[in-house]
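Here it is, the structure, as structure tokens.
Per-chain numbering from 1; labels A, B, C, D and E assigned in written order.
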């Protein structure tokens, strides 16, 4: 199976994640979609790592996982804080700031 | 004393008078101090003019053209304008005429303006005018000439709108100024045409190259001279730039006498005479001058026949007479032109002074229709008027007789189409006699009117409420007007003295150049016109024919006037008016020049102003340039803000669209 | 031996700044003192000016920002000598004028004088600068104080939009000029292979290729034409003129617009001769439009400030005409006319202020009239100003206009002829102003008062200066001749001898 | 050959998991769908010789992170996203279009690439590629700094999460009036009780009901700010 | 002992502690603050912790000065370039970030946000974010770059939301997080592609690999594109700028200050290093794209700012526009460009610090928040605030005699020098538009009628907990000091830019460009 296939798969996942961010209104789900985008990146990294036969990509992917975890932590923290403030948990309702 | 020193001093005194009078503006209403200061300045100036004359006479004929430079005025690049005067017979003649006549008019004004609240101002202006006129006359280069030219315009404007609370006066002032600025432009542009090839602004330097100029740059020379003529026409009220002169009669009568009759308006004549070396190189330009002159003299005479404002009649007459002079100097009859200039200064100033006296007696009223029978009430004035009238009508042996015939004689001499000028000149002379005497008969003959009767009983008539004769508007008496205090020659020594002197001069002025008898003027001016290529030798036959014709036509004119107005109560004129209604309308409306100029120039200009103010400024300058650009920016701003909707997902969408666009670009690059 | 130029340059603002820190009326006194010392210096500079030296004199040249190639280079030559003196003179007089009024309380009052003096230093800097970047810096800087002056002390309500309009509009041009200037410096350095330098003397060594010159020229023209202002880029002018207080407006109109015209000669024509020749006709036509349009507007408006404003548009049209005649006569006339117009328009604004003071505060022509009788001295002084404004022969303005028209005439007879219509129109609006302001019937609210002594203190020196130059214009013409002629020389040479390529192309 | 089959199998898992995340309305299901995605991805990693990564993926992601998600979903309430078009641009179709365009572009980039190794199965690799020791050595040598920095990042994320999710605000200013603690009483709604967690109580509905009675008690009325800020709200 | 250790572990990378010290100081300072914040004493928490943070920033600057002029790779392991690069560019960014940090600490001193978030945590996050910025600027490895970016962002997400009782603060945090994560993910994807193309994550390796045809490979270029998008996002380049106004407005003002200047500096630091070192051979490909983005950014930023009445929003839009100006320095890929960018970043820091300090002061003094109305009439009431803000606005508009003029001059010069004259023209067009809003602020201060303090604070003040900072107080000494110092520096460097210019020159030389 050539690397191209992996990359194509990764591209599809990335786009799916992007579509999710654009269409979903629940911040939790938006965060999930962001995970998808990061995972697409991971897949590409690992595929390239395999392609070049060096470990940089894999290490990069590990770091990305860490980052993803951090983003999730903060994101969920925010969601909780928003929920606590009794604000709607909906990205479309949060538009006090505009213009 | 050298002639130039004397000329500088003659120039300096009026200026000193101006300054002193300006500083004396606070002198009381009854003080005639400033009047005498002004007159004294002119007297001194006249004295030095005589000194200059004598001193010049004392020199060799070859050395009678002297330039004296005070300092560099603007010597840079391709111009060399110096503060320098040219003293030669021509300028000295003008110096004498101007200072002499001015002195008398100053004297006249001392009394005539006695009641005016702007007395000091008047004399300051008047002195300034003389200074300017002398500057014009003495200028040794084009720049100084233009400066003097413009200064007299300014002085004239100030004096026309002397009673500046009258809107008619200020309007007339502006009109005269603007038309004369047009003349200035003409001279400036004309100068450029000449300067372009000569490389100097100096008169003598230019004249020295006149031959080459005519030979090599005929077109430029002609263009330049015609532009100079525009200046001359504007200043000398020649058609079509004459319309300011009748309006200028808004000024006090001494002003009309000095500026608009005797001196300033003849500047155009002087200019052409001064430029004769150039005009002789360009027949076209000279012909233009001659034709305009002749047209003016006829048209002005016809208008003079029908106008009823006393001063305006004299003003049109002035135009007409200057037409003679312009015609003369344009056809090479320099001496004749200058001769007529001089005699005209005498008799026309006299006429204006006399008219001023009558107007005073009328309480400021200038309408001829209202005047009647002042003969007994104002014998001195009447006498002066008659002398002036005889001179103007060209009755021998009064001065006008000789000078006018001299001009027309030259036309006959040249022959060809100049015969037309000759004929028209005599026709106009005939008309001149008619309208001049129409004035005299109507104002002085017949049953005395209310004002005249009152004067006969020993006191001057005053209007219960002074009004502006032109509009009927009630006067604003603050700044003075021919107002509560009028002064007539019969009661004022200075006026009498001035008028008497002028009457004398008007009578005997012709003595300087009587055909076959005296050639004083010819001899005197000889050095200036020495290089003139145009030399006229009149045959005896033409000479006598002309003299006889002139006298006959003058007398005929007077006779007709007598028949109609002195004995016939003007009914014949009314009859004629009905018969020739169209012609009369044309004359009364001054050949519609004001209207034509209004249509051609004033209206488009004011339309353009209104268009700019109301439309262009708003729509283009503020609309397109300011509003347009800010509008675009504002619209953009609104769009950007609309995009900034606050919806997170929209932001993400734009981000991805941007990303997609960037990728697309890079894909295309690969 | 002469004073470093930096001293007179910074003296005004330094003095005013010291005044800002001191209590009480010190600001006024120090501002006037600073302006006075600068003026005295400028007189001495005129006396000291060596006509034999053709280049710059009294040069200060230091590398200011070496990385950007910007020099702190100042110098005097015939081009700017009298403009500097004019600036110093007008500022001194207007500072005295301003000192007669209260400009608010406490800090606010002092601020006025600070801004006023800052403007003087900036203008002097723009005139003295011999480095392109430095020129632009000062050119933009000089507008800032006026933004504040108009914005703070203008009429309530309209002042902010008006000043913003003025500022932005004029800076639009300036900023384009900035880009063009930088391009000039960089391209010149590329061409010569040498170090980057914005010093004008260095830039002059490398004439840019024709194509680059063209757009650079247009950008510079945009800056200068707006600042002057020239038709049709004068949209900011009416609002701006209505807003800026008169003492500041007098110097604004008298000097700032001249700096732009001066920029044409100092920079554009000498650095971009090819483009100047290329766009000569465009500029001349714009100049003609300005003359005619400005005059037409001036004789139809009744706002006295705007009469002067539009007359300035027309006058600046003449100046541009002189500059772009691209010959010595025109350029010299232009420079001389800059001085004259400054000397004329400043007293005109003084007169406007005095007239408005007598017409119940109204600056509208319709509310004026008839004061000449009770205020003859004022009227007489105004008359002199009027005659100078309309460039009556005998005034220095005439000498300037004569040279300009002569320059234009040498280029094209038609253009000179059309331009001369402007002279006629000038007489119309100037006289109309005079007649309606001091003659005719007395206006409804008018209280005629003679010029007071303190009022005279401001107006008389200005009129005196007009008369002086009327009698002896040679003073300025003589000193400027060599440098001014040289500044247009490259362009003039191009006109006289068209490039061979063009000739062969035909 | 076998690898190809596995690839397609796992790829289907990855895609369907991803699709599920994007499409499923209930956040809880979306989370579960993500698990499928992540596990499939881990298997793909195995195919790519990234054993350690695969393991980490399963443990860190499918384990820890997902648990976190589940907790929060449970806490916030797994309300089904409303069907109605959102108040926003609501251009769902447009979003899909954008995403499709993006996908097409990326695919073109991948397919159009002429890189040497991209069409192969990859370089020959040494034994031990992708093993923990291989990764570990890299992390301690070449990537020592990123490795260390990651710890800081995690620490800061933890701190941040604490700051955000902490029950009480950090304010201890003197001027504040704190709401009296309500021992033994029903905790205020929306504060994450178990009842809410399992969905017995709809906190949003609860909120609106309890707002009136709470307002005088709480130091600050919720959402009061909007009401009070409005007058000064700059006109936009 | 170190020698022994090194001998024992030949693979241990050469860390280069001296060069690492500024970053280390920031990281360690963050931990110290975090731990100190756990102490109970209020005095310690509210006074000592900020002091510690100040000391940390001070130490970072001090260490940076110590290391000035050095150029070395850090964490060099066998066969790799090293994760970080310490050179004058890094240090310049360190200075900028640290000065911004000091300003932020001072502005936060009596603000609400640290109290809400707890002081220890607040300053620890601030310091670690600063460390992330320096790492980002120093990164010469894709992994380090990504981590630096995240270390920068994640604390900022929290800090933005730190005034949790304010809905807008939370909203800004969430928006920043989500959009930021999209940006991060996009960039990650791009980095992955670059790695895929080059087979290496070190910048040198990438530069070496991307020669010839590889540089034009679709995959690589797509990677570059996606990376540009990610970095452009951080630098608020249009059309990836939309978070900026919302987040700036919603975040606590001191944090906005920090984001406005420090984030931008870091983002441009990495842009310079990545584009002008690693991807320099692809410059003909990416430069036009970036130039187009820059032009769009300048226009969009400026017209977006035009009608704003919130000062923070206005400055956010202005920041967008300024990012466009700054891009010019990156695009040309020359030494001059780097210098111009660095110089402008420093100048931008000063101007924005002054502006935000005044906003903070007025937020506390009036009840109007960051509305432009809060500035009305302060010209006469509070000249110490009005002058700095005036100078800042004039400087941002590029008026002469302020450092902004020199900075803009420098940028345009760089653009023209790099044959991007048209971009220089766009910069000036943008500046023209920008006058429309900068001057409005100046007008509000000096040319309005009534002073804002006339508004009765109690009547309209935002409730203390719900709104921003407590209103009606006289702003603290430190806020005014920040404003005055930054304003004075704006003026000073406008007249005598020499010192700053020298720094920028050294920094520009660091990348080894022509």
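Quick notes on this structure:
Here is the rule we use: a residue touches a chain if its C-beta (ideal position, glycine included) is under 8 Å from a C-beta of that chain, and two chains touch if they have at least 3 such contacts.
From a predicted model like this one, the values you see are computed outputs, not experimental measurements.
Taking D-E and C-E together, the chain pair joined by more C-beta contacts is D-E. When each chain is reduced to the mean of its CA atoms, the one lying nearest the mean of all protein CA atoms is C.
Of all the chains, the one whose CA centre sits at the greatest distance from that of subunit B is D. In terms of their C-alpha centroids, the spacing between subunit B and subunit D amounts to 98 Å. Measuring from the averaged C-alpha position of subunit A to that of subunit B gives a distance of 95 Å. With centres taken as mean Cα positions, subunit D sits 7 Å from subunit A. Taking each chain's centre as the average of its CA atoms, subunit A and subunit E sit 25 Å apart. Touching of two or more other chains is recorded for residues 86, 88, 95, 98-99, 102, 105-106, 108-110, 112-113, 118, 142-143, 146, 150, 153, 156-157, 160, 162-164, 223, 226, 236 of subunit D.
In subunit C, no residue touches at least two other chains.
Taken residue by residue, subunit B touches two or more other chains at 641, 644-650, 652-653, 656-657, 659, 663, 667, 670, whereas all remaining positions touch fewer. Inter-chain contacts occur between A-B, A-D, A-E, B-C, B-D, B-E, C-E, D-E. The touching residues of subunit A, counted against subunit B in their complex, run 18, 21-23, 25, 91-92, 94-99.
Interface of subunit E with subunit D (complex): residues 11-13, 15, 27, 30, 34, 42, 74-75, 77-80, 83-84, 112, 114-119, 121-122, 124-125, 128, 131, 135, 141, 143-144, 147-148, 150-151, 154-155, 157-158, 161-162, 164-167, 173, 193, 196-197, 213-214, 217-222, 308-310, 367-369, 371-372, 460, 462-467, 470. The residues of subunit D lying in touch with subunit E in their complex are 105-106, 108-110, 112-115, 118, 137, 140-146, 149-150, 152-153, 156-157, 159-160, 162-164, 166, 169-173, 175-176, 219-220, 223-226, 228-229, 231-232, 234-236. Across the complex, subunit B is touched by residues 86, 88-89, 91, 94-95, 98-99, 101-102, 105-106, 108-109, 112, 236 of subunit D. Interface of subunit B with subunit D (complex): residues 641, 645, 647, 649-650, 653, 656-657, 659-660, 663-664, 667, 670.
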